[in-house]
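In the two complexes below, subunit A is the common chain; its partner is subunit B in one and subunit C in the other.
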Partner chain A sequence: MARRRRPWEPWLYVLPGLLVFAIFIAYPILANIVGSLVGTHGELSLANYRQAASDAVFWTAVRNSGIWVVACVLAEGAIGFTLALAIELYVPIGKVAFRTLLFLPMVVTPSVIALVFSTIYAPGYGLLFGLFDYFGLAGSFPAILGDPSTATLGVIAVNVWQWCGFFVLMYCVGLAQIDRELLAAAAIDGAAGLARVRYVIWPLLWPTTTSLVVLGTIEALQQFPLIFLMTEGGPADSTQTLATYIFQTAFVLNETHYASAVAVVLFVLALVLIVLQYRLGRAEQAAHA
Partner chain B sequence: MRKPLTRSGLFAGALLLAATAVSLVPSIYMFDISLRNATDSFSPALIASHVTFANWQAILLHGDLARFFLNSALVSVATVALTLVCVIGLSYAISRLRIKGGHILLLLVVSALLLPLASLLVPIAKLLEMLGMTNSYFGLIGPETAIGIPFGTVIVKAAMDEIPVALEEAARIDGAGSFAVLLRVVVPLVQPSLIVVAIWQFLYSWNEFFLALVIMTRDAMKPLPLAPLYYQGPFMTDPGKLFAILTLIAVVPMLAYIVLQRWFVAGLMEGGVKG
Partner chain C sequence: MKLKTALLSAGAVLLLAAPAAVPAAKAAGPVTVTVWSWTPVTPTMNAEIAAIEKAHPNIVVKATIQPHPVYSVSLQAAAGSGNLPDIVGLSPGAETQAYRPHLINLTPVAESLWGKNWQSHYSDALLTEARFGNPAGDSNFYALPQEAQLNNLWYNIPAFKKAGIKAPPRTLAEMEADAAKLRKAGYMPFYQGAATGVFDVWTFLMIALQTAPNAVLPAEQGQAVWDQPGMTEAARVWQELFTKQVVQPGALSALQYPTGANLFAAGRVGMIGLGSWWLQETGLSQVPGLKTMSDYGTFSFPAVKAGGKPTPPFGGVDFGWGITDKAAASPDVLAASKIVLKEFISGVGEQVALNQLNDLPAFGGMKPTVPMSAHLTAVYENYIKELPLAHPHVIGNPVINQSLISGLQAIGAGKMTPEAAMAEVQKTALAQQKAH
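For the complex of A and B:
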């Protein structure tokens, strides 16, 4: 078939996407790197990174971001996987209803969720206090968000509450794509119950798990509104993450070059974590194959 | 065919009912506070004893919430439209037109999937300030579109890869140019994946907070996610009204999702999502 190809034609199609991408993704990355290398007198220097290395709040933020990633991915993955199994393989009725209702927290604006959960956690009048009170434990009610040792986990719990439904849905989609006959065959071969889950279903869902781990990692690293609205990074900077610390250094303290350095660290951290996860995911998949 | 009720079925049912309760209780609680009078609002009960509609009356007559809704709707619809245009163009050029360097292009775009927005925020804010686009709708639409492009391109390009070449060739022989082929053959075939991208992007844009907090400093331009902040101060002592507003903000996307979930899930099932 003789078809005249105009070589520039495909470029017309990528133009809008490439333009938006270049302006709002590529440029900011470069600007961050360059900005982070500018010292107080406009000279090229590593001062911002040196400042970070000796900044206790920065290290708190790094540690908390790590806690966020591990806690969110593990909790959301475990709960999502379990509930998806219950929906797709065990419960006789109401699959769509469960899947849909569990997903609903995902569609609610985090700023609304933050205020609702701040009230739920509130000592003296919140819903959780009511529960403690009901069991006669009012006296030992913890000030979850007011105590540096529990505040981060308190906010993480809210994020897990919101995102579980997404993990459930993705695992349901994965499960629905597994060949039913394969599952039946596994049952005949004696792989029933937990053995079937461990040796048949879990390996088959590995691609879904890999994607969810990556998505969960990014989601945990960029969580901002819940922390900002529930604790403002406090008490005493104990709940600061890299995301909230970037906001604080850039827009509250007006140290934009320093904020750029923190942003570059966050960017590199995300990259390292995700490459690592992909490597591990690949190795694991190869081990199962 | 209906499965017989087994013990594991019952256990799964109980587990799911408990999980669903946990996921719904905060919303029920929120709605309930909106029905309380000022003295009741600080009581640690899930359901209050006195019900009043005064809060709802007050906020529905109080006009300025409409402005937040309007801003959000405008930004979200425009973001979805622009994202679809960008994503379809990129996917089509890479998947069907076999653009030179398509591999690198895809790698470049997809690697941005891994970017936390927070790491881009400072330069985006500075750039928009330089362009005089702080407090403009495009200040949100542009960056939100950019953030949506990687995920959208992964999904739509995968869907386009599945289209048999023969379909395209047939249309070409009929004399259709690449744009006509795109509109008449390709887009209808990848529609389920486009719906997934549209719904996902709408949810993202509708709920986006971080960017809006930085870019939209003028009250008249603020989208819905900033509304709770705006009302938090004035209604501090009167949570009933604040929670009526929160309920209103939450209920709209919830209803929308209940209506749209069928297409969203169907699109995901089409196999657009791969590891």
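For the complex of A and C:
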């Protein structure tokens, strides 16, 4: 017996999900966009966006957010891929132990990590300074977080240290899914060493890479606690990213509408980057197919 | 049909679950007062609450203490959604002003609690700071101070002895010479946690009180006076602290809290800018030299010019309390909130905090009742003596404050000259004047 068609039925099923999406995602985004269009005296205008265009700190934050995305995704991807290859293909025993150890930083709270690395970097008494001092180089020890030209990279390095384990784990999962017979066949065909990695493993891991690039991008754009706890966006705003600048403008300077405008920029930037990455990923995957 | 039945049923459930639209009944049991703040620390706040609840069994105080960055976010979200607590902890200036629309005027409340002459219990500096940023013509109080602070420099007496220094420096030249001796003896000379902006501002203002004494208060109140010669001179002295290695290497990456305070407590630092609140370490430490403060002494920022005077007393409101319009919506809660406010400021609550040497009492006449060593008593009494003379220590406009922090850090990093940095702050101040 044919079931009677009820056109509203599918909508009923998706309604709870739609409601959650509308209330917790769509509404805040829309409210934020509207908020970004409210001027100093409550009028609707583009004043906040004009302010951003002429705000040097905003552009520093945009530049730094870009540096964060590129540096984190590249470094975490490269280190994660290399370590995963080493663990999965060349470590005969204790793979789980290696994966667990490398993943450990992911479960440590950022406040602890920030405190530990601030001390490691500290001139005069930190661990790195101790090493420099041991080799008689104390006089040339760089104040990594105290120098505007190195501070951002100093915090990025900590983030890379924390996130590498996640990349390793994901690549290990991807590698474990590759059919060993395929690798054996490639070896018989002469694909060994780097050639095997370049022409067999790398293309097969492309879906994993695409996902990691997207996740890494989102994580890098959203990064707040490490920067806030290690440098507070300084010295002289040199480590501000869009995420820290939103916090500063909203909760320190009480310029909530301006903060909304900066948040919209971050939203658009993230959206564009992720769409771009997906498209490039699909094109690359199609080329490998 | 089934859908209609389901929707009707759901509607009925929602109606039943909705709060009844009847006037609130008069409270029969204890009245609950909610309090949010970032300070004092939770153990002190809990002890204050226990004392208040013991004195007023009909009042229950529910306090939430969060670190300041988290507190700022919570407060703003609660204000936006109409969910503020009954009493909020506030620092003077920008923070109080940001929540002023949600706060009741405490002037008549203070009159009812302490009488018509209630202002005589506070020093002028505290009264001035408590109203920082009020709109022109608005002389109301929206937050009343519980505790006050004096900012000054502390020195480590054993470190000074080991470095061959007899007394804390009285001039900048002496400070530079002492810094060299301390470095040679293996100490960090003058610890400046320059990554913590508020301490940069405090050090700068201490210097500016010598080089531009008449410009500091107007600058704090938002006037565009940052390009005055005395201000630029203060920025130049700030620069010298870095170029002449008075501050420790890598100061711009250093935090005053927890790193600086911990290093100072551990005896690794010769001098540091802290304040009266540091006395609370006596209750937190078991190290004899710290427990009695016998290893530590205070001094003012030295005279920047030969023949000049050190910085005069500098400080003001540590934190205060405001009562929200949410509390005012219920007569019972408002009445209880007033009692809690009084106990926090001049009653059993403040006595508990004072006995832990949490900071200095904002309300005159109160003092700790716990035994203190002679050295500690001398330090404490000196603070109490100087408090009424303190020059305000807060820059009321947060945008100008942030611009100054950026400028000072840029000077320290050698990325800006003092002149350029002060010109930038001046530009910000002018823009703020125009915007408001």
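The rule is short, and it goes like this: the second predicted complex is superposed on the first by the 266 of 289 C-alpha atoms of A that agree within 3 Å, B and C clash if a C-alpha of one lies under 4 Å from a C-alpha of the other, contacts with A are read in each partner's own complex, and residues count from 1 in each chain.
Keep in mind that, in the parts below, a residue touches a chain if its C-beta (ideal position, glycine included) is under 8 Å from a C-beta of that chain, and two chains touch if they have at least 3 such contacts.
Nothing here was measured: the structure is a model prediction, and the numbers come from that model.
Applying the stated clash criterion after superposition on subunit A shows that subunit B and subunit C collide.
Comparing subunit B with subunit C, the partner in contact with more residues of subunit A is B.
By the touch criterion defined above, A:G234 reaches subunit C but does not reach subunit B. In the superposition on chain A, contact is made by A:L145 with subunit C only, not with subunit B. In the superposition on chain A, A:A157 makes contact with neither subunit B nor subunit C. Of the two partner chains, subunit C is the only one that A:Y121 touches; subunit B does not reach it.
Of the two partner chains, both subunit B and subunit C are touched by A:F251.
Using the contact criterion defined above for the overlaid structures, shared-chain residue A:I178 touches neither subunit B nor subunit C, since it reaches no partner. Remark: of the candidate stretches 58-66, 364-372 or 382-390 in subunit C, the one overlapping subunit B after superposition on chain A is 58-66. In the superposition on chain A, the residues of subunit A touched by subunit B in one structure and by subunit C in the other are 12, 115, 119, 124-125, 228, 247, 250-251, 256.
Only residues 3, 69, 72-73, 76, 94, 98, 188, 194-197, 248-255, 258-259, 263, 268, 398-399, 402, 405-407, 409-410, 412-413, 415-416, 435 of subunit C touch subunit A when the two sit together in their complex.
Across the complex, subunit C is touched by residues 8, 12, 40, 57, 115, 118-119, 121-125, 141, 143-148, 151, 228, 230-232, 234-238, 247-248, 250-256 of subunit A. On the side of subunit B, the complex with subunit A involves touching residues 2-6, 8-9, 11-13, 15-16, 19-20, 22-27, 29-30, 33, 42-46, 82, 85-87, 89-90, 92-94, 97-100, 105, 109, 112-127, 142-143, 145-147, 149, 153, 169, 172-173, 178, 182, 203, 206-207, 209-210, 213-214, 224-229, 232, 239, 242-243, 246, 249-250, 253-254, 256-258, 261, 265, 268-269, 271, 273-275. On subunit A, the positions that touch subunit B within their shared complex are 1, 3, 7, 9-18, 20-21, 23-25, 27-29, 31-32, 35, 79, 82-83, 85-87, 89-92, 94, 96, 98-117, 119-120, 124-127, 129-130, 133, 161, 164-165, 169-170, 173, 176-177, 193, 206-208, 210-211, 214, 218, 221-222, 224-225, 228-229, 242-243, 246-247, 250-251, 256, 259-260, 263-264, 266-267, 270-271, 274, 281.
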